[in-house]
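In what follows, chain A forms one complex with chain B and a second complex with chain C.
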Partner chain A sequence: MIVKAETAPYVEAFAQRDGTDEPHWLAARRAAALANFGDKGFPTRRQEAWRFTDLRPLQRAAFPPVSGDGSAPFALDAYRCPGATHRLVLVDGKVAPALSDLGALPEGAFLASTAETLAEAPDLVAAALEESDAQGNQPFASLNAAFFTDGFVLALEPETVLERPIEILHLTSAGAPRSHHVRNLVRLGTGSRAVLLETYAGAGAHWTNSVTALHLREGAALHHARLQDESAEALHFAVNRAHVGRQARYRSFVLTLGGRLSRQDMLVRLDGEGAELALDGAYLLRGEQEATNATFVDHAAPGCTTRELFKGVVADRAHGVFLGSISVRPEAQKTDAHQLNKNLLLSRRATVDTKPELEILADDVKCSHGATVGDLDEAALFYLRTRGIAEGEARRMLIEAFAADALERVEPAALRAYLAHHLQAWLGRGEEGGR
Partner chain B sequence: MSSPATVKNAETLREVAGEGYKYGFVTDIESESAPPGLNEDIIAFISAKKHEPAWLLDWRISAFKHWQRMEEPHWAKLRVAPIDYQAATYYSAPKRQNAPKSLDEVDPELLRTYEKLGIPLNERAALAGVAVDAVFDSVSVATTFKAKLGELGIIFCSFGEAVREHGELVRRYLGSVVPQGDNFFAALNSAVFSDGSFVYVPPGVRCPMELSTYFRINAAKTGQFERTLIIADKGSYVSYLEGCTAPQRDENQLHAAVVELVALEGAEIKYSTVQNWYPGDAEGRGGIYNFVTKRGACRGAHSKISWTQVETGSAITWKYPSCILEGDNSVGEFYSVAITNNLQQADTGTKMIHLGRNTRSTIVSKGISAGRGQNTYRGLVRIQPKAENARNYTQCDSLLIGHKCGAHTVPYIEVRNPSARVEHEATTSKISEDQMFYCQQRGLSQEDALSLIVNGFCKEVLKELPMEFAVEAQKLLAVSLEGSVG
Partner chain C sequence: MLEIRNLHARIADGREILNGVELVVGAGEVHAIMGPNGSGKSTLAGVLSGRPGYEVTEGSVLYQGQDLLALSPDARARAGVFLAFQYPVEIPGVNNMYFLRAALNSLRRARGANELDAGQFLKAVRAKLKLLEIGDDLLQRAVNAGFSGGEKKRNEIFQMAMLEPKLAILDETDSGLDIDALKLVAGGINKLRAPDRAMVLITHYQRLLDYVVPDRVHVLSGGRIVKSGDKTLAAELERHGYAAYEAA
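Take a look at the complex of A and B:
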């Protein structure tokens, strides 16, 4: 095999990896996934899905896949969600039992680390690995399959209802650059419901490479919010693959505040008739940050609904990218899908690329998409100033109102408040938009 | 650069060509075609046939060299049967005794063919005040109203004539908007273009009539490679109409045109197209492959370029009329209706590149898919860092008729300046049953109802067409959608 230069450190690390105590099937899948990664190499800008992404920060250094021992001390207060009663904390890609508190889980609910699950219920871990790891066009997901050691697994039996939010904290500690590959699984049985909050935060110039598989069976409902608030040097790639069954509801929100280079790939397939999807997010970027939100919604069954709203605030020399694709298969009649991406450009050197895409092969559909890019509304700014509000404060208010708009549909209120709090913290960190 | 051997070859060919046309007048239009295939000799043959200066031959050869290094693009959402570029014929000219001096001298067979297509050349010229530079296959055969335009200093002629008579103008602007190596099909065109139209409007002149060219493909296995160059000098205005029809044909024909527009300070160019090449039969056999590069440069401040297109024909359409808004306060517009029925495929849209301050662009695209047609809007709006206060508004609507067709929207929006305001909206829906029901219960037949609704859907674009074109376009929409309901 010819090893591409940029993949070499990872291919070598894989060869040296100690996987002797792993089951045979897992070792085989890891090897296949690594082969796919080695074969595909890093994505390039010649690939349509990556044409706006500048991977140089990732190529400049090697990030050896080393996970922590899960014992690093951390002050969690800043990232605790009030009202959440089930908590799982990962430090440097490894579950830290001392910081976690699973609370009282009802019957039929399973929440554990991926490492533990591998020992207790290996079938669940197998479900988190998809065929596409070994063949697909997501080389980083393949890399993740080769190296993951931990993550979280949430599995609910049919009709199990978890009322209180589950919070998962992915924290990184300072130190030499390394990569953390976490593999997560969320499986909701028929009619079950859960609220899930994930936070990625910490220090250091690490590469977090996470892959999450979500399976929602008939009538299941998941509220899923994610906050990415990593350090300004961190790299963050996340692939979320969701399969939403008949009459199931999946509401996803991702708030991107941190990271030097980050990318969220959200692939959702609406498999069953009448499935509902809300796919929302906001990204607030400053400095040299670059963030991509790539969503691919596949309407594979009739009568499904998609509502998608992404809002971007891009200041300084930051670069915001939105790639939104909605495809409707011929059999997916009565599809109702709407997508909107709005961006605020706050500085002369800030850039935005947006590509909302529709691919429609059924006729009885209602689909639309929209995208806007612009500056703050001068008239609104003027209005606030005539009311005696200082310019900086007026700008802050307008930016907050713009971004908070996307938050409105986040449920339950505890999650919305949590995200709003971090949004305000970001705004408070400095007057962005030096023009 | 061409080798000495090539030049010598070209000279020999020029001698051969010089003694042609000795067989006199024949009623059947025989084309004098080049042998199939593409190489430097063929290019030299074309150039020699057209009595072109050396610089143009060099230019063609250099384009050919670009082309040889390029790969056919496959990024569009199109299924294209492999094209054998060596099997096509790259030159075909109707035979003629002498260049016709008036309509009376034009081959009557040719005029009858136009009549069948519903283009009464002489009537149109007289009644509608339209000067027609008709291209039959590859060489212009009739140019009217030349004198009238000449009084104003407007040059409107075939491209070949322009090369001979206005070589300096052509040399200055040719390839300045679409360079030789711009893309695969533009490079191919640059190497082998046969003829086309040339327009130059001098400073401050408002062209008093719509300039119009009707293109037609006639000889079998002949690709058409028109080259159009329109230059509007400072403060001038010109409206140009382009219409295409082609007779039924079994084999796919390649059509790779290049259109370049240059608008200098304060100038305005309005370019309207009704494209109705043969789309293939209901089973998708035959039909034209239409791979066109159209681009306009708003070079001067306050200039404007407006593209309006009605695309109903061709088996495959690959076409993105674009505007490069260089001048401050310049304006770009794109209005499009694209219909795909049966097995037609269209991947069309525009690019608006904002470079100057206060530049504005508007995009209105209406896609209609019926039968098993696939219709894609693909567009780019790019605001460069120096384009202060740039504005763009884009609206793409798709209408689906039947459940086997597809409508796709692929817009790219790239903004590099915070003062820009860019808006994009797109919708896709099927034809409303309520509207159909309403029309039918008022006594309209199903097809009339469909035609009425489709015309309403396209109204924003159709109103941009010059009057005589608008009428034709409405009829065309109805004809194109025949048999798509029920």
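Take a look at the complex of A and C:
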């Protein structure tokens, strides 16, 4: 095997890792995934899906895959979801029992760290791995398969309803650059329902590389909100692969505030008739931040709906990227899919690349897509100022109004309030000054 | 209160729109400015409130003895200047109540008064709403978003009533109002008349001046005040139009 230079540290680390007490099937899958990673190497700008992403921050340093022991102290307050939850906290890629509080889970609900699950219910961990890890074109997901040691697993038996939100906090402590590979699984049985809030936050110039598999069976419903508020030096890549069954409903929202370089890949396959998807998000970027939201929605069954809205606020020299692809297979008649990406540029040096795409192979469908890039409305700004509101506050009001619009579909209200709170906190931190 | 001397202003393309405006408004007075379309009335209001896009090339504006043109738009508002827009701006996503409370509190802070909490604010709002017969639902909506023409104008006067300015410039607040709304708005304006407050009403119609009787009436034409008089001037204009002043 020819080892590509940038993959070398990871390939070597894999050779040295101690996987002796792991089951054979897992060792085999890890090896296959690593081979795929070594083979593909880092994505390059020649690949359409990576054309706008500048991977240099990842190439400049090595990020050895080292997890903590889950014991680093952490003040959770800033990231606690108000109200009662089932809480699982990971610190530096490893579950921290002292900070977690799963509470009483109803019958039929399974929530545990991936490491524990591997011991108790290895089939669930196997379900979190996919064929594509060993052969697909997501090299970082393959890398994750090779190295993951922890994460979370949520599995609901049919008709199980979780009243309280599940709250997962992925926290990182400061320290030398390293990578955390977390592998998560959400499996909702027929007719089951859950609310899931994930937060990624912390300090340091580490690399979070997370992969989550989501399986929603017939009639299941998941409200899934994510906040990425990592440090301004951190790298954050997340791949979410969702399979949404017949009459199931998946609502996803991702709020990107942190990270020097971040990327969310959301792959959703609507593979049962009448499945409903809301795929929304907002990204607020400043300084030198670059963030990509890449969504790939595959309408594989008839009568499914997609509502997709991503809003971007880009300040200073930051760079926002939106890639949105919706494909409608020939058998997916009566598809109803709408996608929109709107951006607000707050500085002359801020940039946005947006690429909404539709590929429609069925003939009886209702589909639309669009993208806008604009500046703050000067007339509105002036109007607010004539009422005595200072320029900075007036700008914040308008930016918040623009971004908060994307939050409208987030439910329940506690999750919306949580995200709105962090959005406001971002606004309170201010721009660099100088347009 | 307001002293405008030889004011010249031009727009980005270099065209001079104000061409030597002279206007002195004393405390407690109400002045009406009339004039043909495009004569520079809104431009004057814009320059007084600090709207971007105008360059003052000559002249001065003193407000309560200070150089008004040196202040930012929001500082002018905090100093007590209010502009009711000819075309109020729609601001989707910004709640009307939230906006107005932010505005009122920034004015109160500037005056050294305490900020109003949500409850106190609501109380203050209720009293003024009655005055203008504005429904609660309008307040729950985004600022001017989807408001009818008349609702927008009433919302401007409602804001004025809440913010209690010292100098109010009302740019065609009467245009587009039905007769009942006009009476309400006029009533709102009259309520605010006070010895320490001055008002400039820009209007095309005598009918507003039937309800709000001005101390002085001016004709602005070609970017200058070409004639001033008492309230009878408005009636005369209504009869004869601006033909006599076009040449100016």
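In the analysis below, the second predicted complex is superposed on the first by the 430 of 435 C-alpha atoms of A that agree within 3 Å, B and C clash if a C-alpha of one lies under 4 Å from a C-alpha of the other, contacts with A are read in each partner's own complex, and residues count from 1 in each chain.
Note that a residue touches a chain if its C-beta (ideal position, glycine included) is under 8 Å from a C-beta of that chain, and two chains touch if they have at least 3 such contacts.
This is a predicted model, so every value here is computed, not measured.
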Which superposed partner A:G370 touches (first chain B, second chain C, both, neither): first
Chain B versus chain C as contact partner of A:S347, first or second or both or neither: first
Partner chain(s) touched by A:A390 [first = chain B, second = chain C, both, neither]: second
Which of chain B and chain C A:L102 touches, first, second, both or neither: neither
Contacts of A:A31 with chain B and chain C, given as first, second, both or neither: neither
Which superposed partner A:K355 touches (first chain B, second chain C, both, neither): first
Comparing the two partners chain B and chain C, which touches a greater set of residues in chain A: B
Partner chain(s) touched by A:V11 [first = chain B, second = chain C, both, neither]: neither
A:A121 touches, of chain B and chain C: first, second, both or neither? neither
Which of chain B and chain C A:Q333 touches, first, second, both or neither: first
Set intersection of chain A contacts, chain C complex versus chain B complex: none
Residues of chain A that touch chain C when the two form their complex: 377-380, 382-391, 393-394, 397-398, 400-402, 404-405
Chain C residues touching chain A - in the complex, by the definition given at the top: 49-52, 72-74, 76-78, 82-83, 85, 88-94, 99-100, 102-103, 106-107, 110, 142-143, 159, 163
Contact set on chain B toward chain A in their complex: 75, 77, 383, 385, 398, 400-430
Touching residues on chain A, where the partner in the complex is chain B: 48, 330, 333, 343, 345-375, 435
